[in-house]
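In the two complexes below, subunit A is the common chain; its partner is subunit B in one and subunit C in the other.
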Partner chain A sequence: MRIEIRDLRHTYPTGEEALKGVSFTIEGVTPVAVVGQNGSGKTTLVKHFNRILSPTSGAVLIDGVETTKQSTAKWSKRVGYVFQNPDDQLFLNSVRKEFEFGPERVGVPAADIQKRLPEIAELCGLGDKLDSHTFDLTATQKKFCAIGSVMMMDPDVIIFDEPTCGQDVEGSRRLSEIIGHLEKRGKLCVTISHDMKFVAANFPRVVALCHGRVLIDGDSREVFAKPELLKKSFVSPPPISRVSLGMGFEKPAFSVDELVETMKARRRKMA
Partner chain B sequence: MSVDTVIEVKNLSFRYAGERKQALKDLSFTVGRGEFLCIIGPNGAGKSSLCNALVGLIPSYFSGAKKGGVSVLGQDTEGTSVANLASKIGLVFQNPFNQISYTTSTVEEELAYGLCNIGAPRDEMRRRVKEIAETIRVGGLLRKNPLELSGGQIQRVAIGSTLIMRPSILVLDECTTQLDPLGSEEVFDIVKRLNKDGITVVMVDHDMERVARCADRVLVMNDGQLLAIDTPRAIFNGIFQSHGVDMPEYARFGAAMSGAGMYGGPALLTEREAINAGKAAIAV
Partner chain C sequence: MSKQNKIKTKKTSSYIPLDSPIDRMHPMVKIYGVLCLGIGCAAFPFLWLSYAVVAFLFCVAWRAKLLGRFSKFIIAFAVPITCMLLIIQGLYSPKNVTVLADFGFARLGLEGVVYAFKTVGTLLVFLGGFYLMTTTTYPGKLVTAMQDAGLNSKAGYLVLASLNVVPQIQRRIAVIQEAQTARGVEVEGTMSTRFKAFLPIIGPTVMSSLVDVQERGMTLETRGFGVKDVRPTSFVALYLTPGEKAAKKVLVAFLIVCVLFAVFWALRPVLGLGV
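Let's look at the complex of A and B:
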């Protein structure tokens, strides 16, 4: 999988220039996180990946093909986008119908749909909710219903727009599992998130946006080692990374256990 | 009830009409004047239901089987009108889109909506809208249609429309979920400031680091039950991960250092405390 973003600019009809020349390339299926403050252009950027939006100038190429060469309907088979607000996406009267709708519309054989459905429902924690009305789902379940219905399309790239907001341990764990599942199946997952604990735990690569431009792009360890620079995009490294940097370690720790191990090693060295 | 108790919950149970499961199971606790109480627990624990009960929406708006009761400033919420309660205790909903009235065409009108309903004089209304708009920093948005706002802006307006009734107790149900970390801190700073000015705050929050840093006491819920209510230091010394809520990373760090024989003090609650304890552990 290869997504190439070339000097991408996007100006909304209101005159708002949301992207001011963004360039980077994603190669392979290692999960990528996009971070940055509200309004920095994250949603605008990823909506170009399946041509929900078209560049004002510059280009996005998916495996070498410019997105503008094909319709959104065509792209959405390859690149699935899960909306920030699930209410923008869900509109049918049961979880099962939400799951069946997308693949049915693009002509996936009924047998294949029925094969995909139980596994995806299970992954999304909705195995026993298939016949519930989407109105009756909790906010977290709605989010997972939206995620599941995009996974049902079996796209090569899947984009999650702020999937963790207001979620608890259980929701984050489930989402990590889904991200792992997608990578194992050779799918690229690009996720917009404000939850840096979640980002550190799941994404080896982080792209930070600031006012419509890329502020930093790199290995998440390196990105989170630069709290001062990150501040510009109003992003703060996860709490345990900040503690390790505050203690004077050069590399940010990504978990409590990791930091304690580093400390043990330091103590052994000094003894 | 002591003079300094502003909320008293006594053996409160509630089952929504048509549901088999009890959403709230025999809860009892009190909240003191000026206190900052945080409610934590996994999704489905009953946090929102408890908020609904505190402000009297249970049972006046949600029907079901209720036992026990809630009194706010000495008044039983059952049998007190919601309008009457609104000047004592205000709720900011989990979903701000449930809060806005959908009947107004500008943010200004939206903020004034509650005052309008109680027939406040026009000058008074205008003055308070201006004041609140400043507090929640939406001054530039007053002429906008509420439906055109971003999630974060809507969340601020939702808080404003509650604050404008000048309740002495503010209940906030995961009110920063639509915001980025900065926006979330901004809203949170507003809440902290209000609390400093004497408003009692009851807040449902998933951000454990923030809860550890700011709460006077923490109430832990799971499966409709109250599992514990105590200071953050006492709560995060325990092992609440098993109840589906995270411990703050600082507290987990302290516990892990203790496990490795590097720390023996109380639960760590802030970044500063964690850095200091960590430095001390590697300085030996």
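Let's look at the complex of A and C:
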């Protein structure tokens, strides 16, 4: 899987220049997180991956093919997009119908759909909710219903727009599981998130945007080792990373265990 | 333009902020304009008046720096409606006596054609006027004007909210359509694929509008619109200039003349003035 973004610019009809020349390439299936303050252009950027938006100038290439070559509906087979607000996406009267809708549209055989359904419902924690109306779901369940309905289409890339927003601990854990599952199955996952703890735990690569440009792009340890630069985009590394940086460690820790390990190692060295 | 201003115009109404004499005009004059011109034209028995008023509205649109958009709006509306009415009324109106053209399967009648043009003219005056009013008036000003005229604040808020409904539904449809295409629904292409794509989104659009209405009701309560015996003041203050007072009088006079003439015309046979 290869997504190449070449000097991408996007100006909305209102005259708002949301992207001012963004270039980077995603190769392989290592999960990528896109971070940055509100209005920095994250949503605008990822909406180019399946041609919901077309570049004002520049280009986005999916495995070498310019996105403008075909319609969003055609791209939906390969590039799945989970909207930030599930209410924009869900409109049928049961979870089961939501799950079946996308794959039916892109011509997946009925037998395959039925085979995928229980597994994905289970992953999304909706195994016993398949025949519930989507109105009767909690906010978290709705979000997972939207995620599941896109996973059902089995695209090669899945984009999550702020899936952690309004999510509890249980929801975040489930999301990590889904991201792991996708990577294992050879699917690329690109996620917008404001939850840096979640980002540190799940995404080896982080791209930070600031006012329509790439601020930093790289390995999450390297990105979170630069809190001063990140501040420009109102992003701060997870608290535990800040603690470890503050203590003078070179690489930021991403969990308490890690920090403890590094401290122990340091003590052993000193002793 | 300030950031806040931008958000306002992007999100909440059909208002287009342009500095023009029409924009600065007291909203009450515009409301009088829409009503007096519209009702006057509807009452007036000859069709030329409506088209004269439409021509006048074009001048207003030009003064408001909206000539392009206004023309588009009028054409997008007038052409299909005129064709439809011409076919229905022109070919099949029971009033048809004078035959203009004979197509074999049906005859085009003068009376139906005149009726069709009269109806289109009146609709254009109403809708054109309403379009100009909403695009040139900041909604807050409109509501303040109505409240100054004695409308209570609840009703004012509802007027404001309903003015926002159309752009809001348009935005909603755009968002839902985006979400649908991302799930494999083709919205580009022939009429029939587009229509098929449109069907599934009617449900959620209506639903979310209903939710909106409910939220609006709750907003009224939480913002103290239910408070009694206190006359709320408004942030936007409005005064009528002498010119605007005169304009109001002219508009009312126009309405009265039209209605009187219509009554006179209808009573012609009774008054014994030959046909």
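Note that the second predicted complex is superposed on the first by the 271 of 271 C-alpha atoms of A that agree within 3 Å, B and C clash if a C-alpha of one lies under 4 Å from a C-alpha of the other, contacts with A are read in each partner's own complex, and residues count from 1 in each chain.
Heads up, the rule we're going with is that contacts are C-beta pairs under 8 Å (C-beta built on N, C-alpha and C of every residue); 3 or more make two chains touch, one makes a residue touch a chain.
Keep in mind the model is a prediction, meaning the values are calculated, not measured.
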item: First, second, both or neither for A:Phe91, with subunit B first and subunit C second; value: second
item: Which superposed partner A:Gln37 touches (first subunit B, second subunit C, both, neither); value: first
item: Partner chain in contact with A:Gly171 - subunit B first, subunit C second, else both or neither; value: first
item: When both partners are placed on the shared chain, which of subunit B and subunit C touches more of subunit A; value: B
item: Partner chain in contact with A:Thr138 - subunit B first, subunit C second, else both or neither; value: first
item: Partner chain(s) touched by A:Phe24 [first = subunit B, second = subunit C, both, neither]; value: neither
item: Interfacial residue positions of subunit C with respect to subunit A in the complex; value: 6, 10, 175-176, 178-179, 181-188, 200-201, 203-204, 208
item: Of all residues in subunit A, those that touch subunit B in their complex; value: 37-39, 84-85, 138-140, 165-171, 194, 196-197, 234-236, 238-240, 242-244, 246-248, 256-257, 259-260, 263-264, 266-267, 270
item: Interfacial residue positions of subunit A with respect to subunit C in the complex; value: 14, 16, 50, 52, 71-73, 76-77, 80-81, 83, 87-92, 101-102, 105-106, 149-150, 153
item: Subunit A contact footprint on subunit B (complex, rising order); value: 42-44, 94-95, 150-152, 174, 177-184, 206, 209, 241, 244-246, 248-250, 252-253, 256-257, 259-260, 262, 271, 274-275, 278-279, 281-282, 284
